[in-house]
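Each of the next two complexes has chain A plus one more chain, namely chain B in the first and chain C in the second.
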Partner chain A sequence: MSKSFRIEKRPEMGLIGLVVQAAFAITLAFVASALLLEVLGFNALESFEALRIGAIGDWESFEGTLIQATPLVFTGLAAGIAFRTRIWSIGQEGQLFAGAMMAYFITTLFDLPPFLMVIAVILAGALGGALMGGLAGVLKARFNVDVIVSTVMLNYIIVYLLSYLLTSRLWMAPGEYYLQTAQVPEASRLPAFLSGTNLHLGVGLALLAIMIMQFILSRTTFGYELRAFGDNQVAARFKGTNPQRMTVIVLMLSGGLAGLGGVAQTFGVDFRISQTFLFGFGSAGIIIAVIAGLRPVMIGFVALLFGGLASGGLFMQVMADVSSAIISAMQAIILIFFLGSSVLFRYRLKRVTSDE
Partner chain B sequence: MNAVANPPHLRVEGLTKTFGPVIANSDVSFQVERGEILCLLGENGAGKSTLSSCLYGFYQADKGRIFYEGKEVEFHSPRDAIACGIGMVHQHFVLVTPMSVIENIVLGTHEHGWALGVEEAERRVRDLCGRYDIDLDLDAKIWQLSVGEQQWVEIVKALYLGAELLILDEPTAVLTPQESDKLFRIIRRMTGDGLSIIMISHKLNEVMQSDHVAVLRRGKIVDTVRTADVTKEDLTSMMVGRPVMLQAEREDMEPGETILEVAGLRVRNDKDQHAVKGMSFKVHAHEILGIAGVSGNGQNELFEALMGVRDTDSGQIWLHGEDVTHQNPRQMVEHGIGYIPDDRFRAGLVGSFSVAENTILGLQKNPRFSDGPLLNFRRILNFANEAIKRFGIVTPGPHARTDTLSGGNAQKIILAREFWSASCCILANQPTRGLDVGVIEYVHQMLLEKRRDGFAIVLASEELEDILALSDRIAVVFKGEIMGVFRSDEVDIQKLGLLMAGQRDAAAQSDGKPYVKVV
Partner chain C sequence: MSDLFQQTILVSMFAAMLRIAAPLMLASIGELVVQRSGIWFLGVEGSMLMSAFAAYTAALSSGSMYVGLLAAVLTGIAVHLSMAIAAVTFKINQFVTGLGINLLASGLTLFLYRESLKSYGSGNIPTVDPFETVAIPGLSRIPVLGEILFDQHLFTYFAFLMVFVAWYFLYRTRYGLELRSLGENPKALDTKGLSVSRRQYAALAFGGFMAGLAGAVLVLALTDRFVPGMTGGRGWLAIVIIIAGNWKPVPIMLAVLVFAFLEAFQLQAQGVGLQIPYQLLLALPYIVAIIAMMGIRVRSEQPAHLGVPYHRE
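Up next, the complex of A and B:
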């Protein structure tokens, strides 16, 4: 009797398996990041301690984490819903810009009482993102334009449009030096979501969006059709799904979510638009959606992790003098380890006993 | 030939191969004498393919020994098997389609280093073809050849590489009856020359052409018998493990009103060529119209057009006298047409869905399964449990993932769904392809039951015996055209086979009757 090990394919992994896998990847990512910090001449433990304090040190810093996570939840959900349908949209960034810009645009058009103005801003943001996404959808449905290509190009177009609106001073306050819009009116700013906290309404909307998306996917006929289409377009087509219509609807939904992210960030945090304020939420959302396995609730948790990194990163910069650019590197490191571990976790070691 | 003096050409002893917890082959032993045809017979999943892959060095067995001409051999890769004298012709050919026949044969032989020694090779290939009377145009490009001819390229290639023992995987799956007759004629010539053949099959007609049959069931050899000593029925019950009715009884029935009518239908394929060139036919209530033809002659495009998935170029489709041309799939489903696709996991099921979810695919908006925009899981589960019970779907439960099911059980999910939703017409495109005998019997009975209920049924199949047994009328298709429509008691397999190959004149001569098109 001899014993040896054999590598074999693992059967389907459940939710617990996915959580273990994510924890494994994140742990390794922190180890790798620690190495990176040490190589750069920082004390990794001190840096991480600063990161922890900045992210979840007390209630106030946790609020910061929640607020940082909010736009990421929206772009994460936006990427998640598109990828679930196998529509490879990477237009979340542009749709986030479009949402914020559309909402900003209506504040320049009219005044409303605070409550109504906030509703108008939210609707305009969702609309702006949805139009932006829908445009890519129509291009795909009517002219079969590759969604990856069209969304990337639309990302550029919207950012350059903002750049034009600013440099031409159409959207800049008189006498303003930086390339940014004037502040949005008081009435349009998102009010507190929980009284006595800094959490703005967008945080609540993000939570609601997670629940609604989860509900749509798992309980509705539309979500059923969407999942069927995502897994097997041919069968879905035979069973009555119109692929063009589905593509446009999903991209509008995805864009609307990303647009809400733009509203949350602009009208809840920055109160003005600049290219740098909104930069990077789109790509982070894609990473988050992939790590979360495109599941809405998991997207919420992963967005929280990334929000914590972002908000703790600022504190780390102040306390340990570590550039917060390291946070972007850490996010990417987490993704790499996650993708690596998802291949690794497809197999398992099995102990085998043979007679000879 | 003296068995003691001459060891068998190939002998396998106690071969076992497992994949994780799945035992594909368990303690398999058999032998092939020089110059004989041995058939490995078994249902899907019985372990035929794994066994042949082990013989060809594609897999390595966990246990067991292989002897080639009495000498123990060990194959670590197909290269070892080829060097030893074993050749394999796969079910799915591995040919480079833009290249010529001769290039494909010489390709990868490495005999001449990097330069292809085409003249020398061509001479040898011509010798081979001449010796066995194989008719191949060596300069033709692969894409110009029929599937049957491509198979010959594979066989010649194996012989060119020096194979003395050929493994043929389902060799007649893609052939017309005449082509498969020719195949066996030439194979016999080869065995007469001392070559040996291992043939993998689940088709009884070709099995009967062999010398010995080794029947596999659940990875084990049930028995090895002399073909001359057994009947098809014996082999079937050995293979399935119980007696099976090979042909369902079709009772006589008066056809009713016209349900589906197609006139002058022209449909393009994905390459934008006409795949359906002006087909016209009618199907009545209580009637099965068989579509006989080698696959790839427009059947898929025809069904896709009938289901509204593919748009028609010209021509019309009527259902109950109503013009339904250019309607979309959802409308066609609502008209009461059920569709059983040939490729279940491609066109009929969502692999990642549960069994329950797949039983309502396309029916999610039916009030039986949803309340407004919300799915009603209780009623979906009830329906799925009913389907599992009624159709005998073997699954751990309604929540099991569909892609873990066998082909037969997956097909039963589709049957349950389509038979429930269809109200007047069933389109069945190769509904039994790749299924086990037991399930085939079941599918046939279900189709006949629907015929009794007054459905109009269109059944496309490559299995001519099934078509003859089940259909009231048979339309033979070749290259997108209907070569003729016949009452099934008026034609025989020979005539159908000739028409399937596009040979109208030969078909007319085959039974002395002039060629008539009965509609």
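Up next, the complex of A and C:
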């Protein structure tokens, strides 16, 4: 397996280079999206102004941005930790669903006082995601099923499972017309994180998750082992890292994070599960992780930007009549420009090092 | 239930299987050539989806199905060539690029579709006039087999033909041999003075042509309109199929038929009113994909340099 040699050779980009590259890509993506809007007959400046107002126009809209960013932080961290170890998991979306579904499931099983119920829901969400991720891990470790393939397939499978639980009416309220679960009980809903705001506990958990992941990666032996495994699996194996075990652990950790994202969205915002409510957080998380250079703190900032896009996009749809689907297109355009500009930035680095 | 009734059901199910197999087969054979050249392209799904959208839009606005077909093929080629620029020329991470193409495709087509709906007016989603099946004179008259095999879309005949063309090309021509060694040992080719990147570009262009056709089939033959996300994982299944078929054309064809059968069975089971949750039937291809991957012991034909960018020293 000589796949990682190329990455080793390339000097790792510093934080400043990364920020510049990300800013460059985001600017270009906005220009490209503006062109797209103009071609379709929209006034791009007015549309983006609506986007800005919707995202950061006042404190209330900024709260909306923070709340939108929360599940994205979790899926971003989930993708980040997997990609760091060069485990190409695309399963964040399915794991987010699994987390939300597991947490919903336990609310149908028993009642607890509010405080305990919230803890139970959070733990169940992490567990649901971790089991879903762990499944892909075991499939890889025991049966050598490519993680990319298994995670993509599991993403489809879990959505069909949800669809079954809804259409069979196992999880639907009697008389409900839309395909969505009944509302979750009051006691299970995430309480306010800061009193006097709309911010729910999930926002605080997201901040905590960023700090914990940053700490694990930069300050612990496990984090060191993780990074070493990602850089060079063969060398890591010689140092005593068991690749099978590592794969399962990383995917469970990654899945658990994504599952928490599902809890934050379902028990902090929607209070019920539907297929459309949870759609798209996984793919956005992947883009966020890549643009953030897989660094936890950067993932937080990029998730905030993407949260703003999502939150502002809804406002833009109302004000400028631009379909909010433009946001998922813009996110992907940002990724494409980021990848493209990596060449530009890479060449600049090369000129310094390989000048003969 | 009469025998005749059962026979009718079976005939229509197997005929549907072959119809459904066409886009999967086209995409898989295209991706086979791409992977044999050493490029690990995960964007088949996105390439198909954009092609399907292009087919729909072009067919509607021109009123010609052939313009739709052409637009789809050109779109597929363009998307695949963007991968060539990224992966071959600039050596950007192939996994992330392929994924990016998929995300761009799903976001962009959803947005453009929603915007185009506005111009059509609500409730009036226009449809195309899909290509009819072409019965082969004489052969289609054979009872049962003729009805299954020889009353299909031209795309289906073409897809099966391409399996054998791909086999002949890979194993019986010099270019095919070069392509195979490209995925195994690009340096050997390079030292002989043969261009690695030109061949990889060509392989991706072919893959784009096939993915474009696959996208066109979805809109212009199997249904009559575009639906966001209508590829439904077929591009990913193509990748599973290639692994399951051990990077060989004929085993790949068999794997395609298995997945096409599952889908045809699901359609038929829904029609007959079988008492199984339909979601289980819909999820079956993905479940089978995982189980199939668990059972695979032979990956002998996997190109050794799959996904590894070639750097000249």
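Please note the rule applied: the second predicted complex is superposed on the first by the 335 of 356 C-alpha atoms of A that agree within 3 Å, B and C clash if a C-alpha of one lies under 4 Å from a C-alpha of the other, contacts with A are read in each partner's own complex, and residues count from 1 in each chain.
In this section, contacts are C-beta pairs under 8 Å (C-beta built on N, C-alpha and C of every residue); 3 or more make two chains touch, one makes a residue touch a chain.
This one's a predicted model, so the numbers in the text were calculated from it and none came from an experiment.
In the superposition on chain A, A:Ala236 contacts chain B only, with no contact to chain C. In the overlay built on the shared chain, the residue A:Ile286 is in contact with chain C alone; chain B does not reach it. Using the contact criterion defined above for the overlaid structures, shared-chain residue A:Trp88 touches chain C, although it does not reach chain B. In the superposition on chain A, A:Arg219 contacts chain B only, with no contact to chain C. By the touch criterion defined above, A:Gln331 reaches chain C but does not reach chain B.
For chain A, the partner touching the most residues, choosing from chain B and chain C, is C.
After overlaying the two complexes on the shared chain, residue contacts for A:Leu127 are found with neither chain B nor chain C. In the superposed model, A:Ala228 makes contact with chain B only, not with chain C. Across the interface of their complex, chain A is touched by residues 20, 307, 309, 328-330, 333, 339, 341, 345-353, 357, 361-362, 364-365, 370, 373-375, 401, 404 of chain B. On chain C, the positions that touch chain A within their shared complex are 42, 86, 90-93, 95-97, 99-100, 103-104, 106-108, 110-111, 114-115, 233, 236, 239-240, 243, 277, 279-280, 282-283, 286-287, 289-290, 293-294, 296, 307-309, 311. The part of chain A that touches chain B in the complex is made up of residues 8-9, 12, 219-222, 224-225, 227-228, 231-232, 234-240, 242, 350.
The touching residues of chain A, when paired with chain C in their complex, are 2-3, 6, 40, 88, 90, 139, 143-146, 148-150, 152-154, 156-157, 160-161, 163-164, 167-168, 283, 286-287, 290, 323, 325-333, 335-336, 339-340, 342-343.
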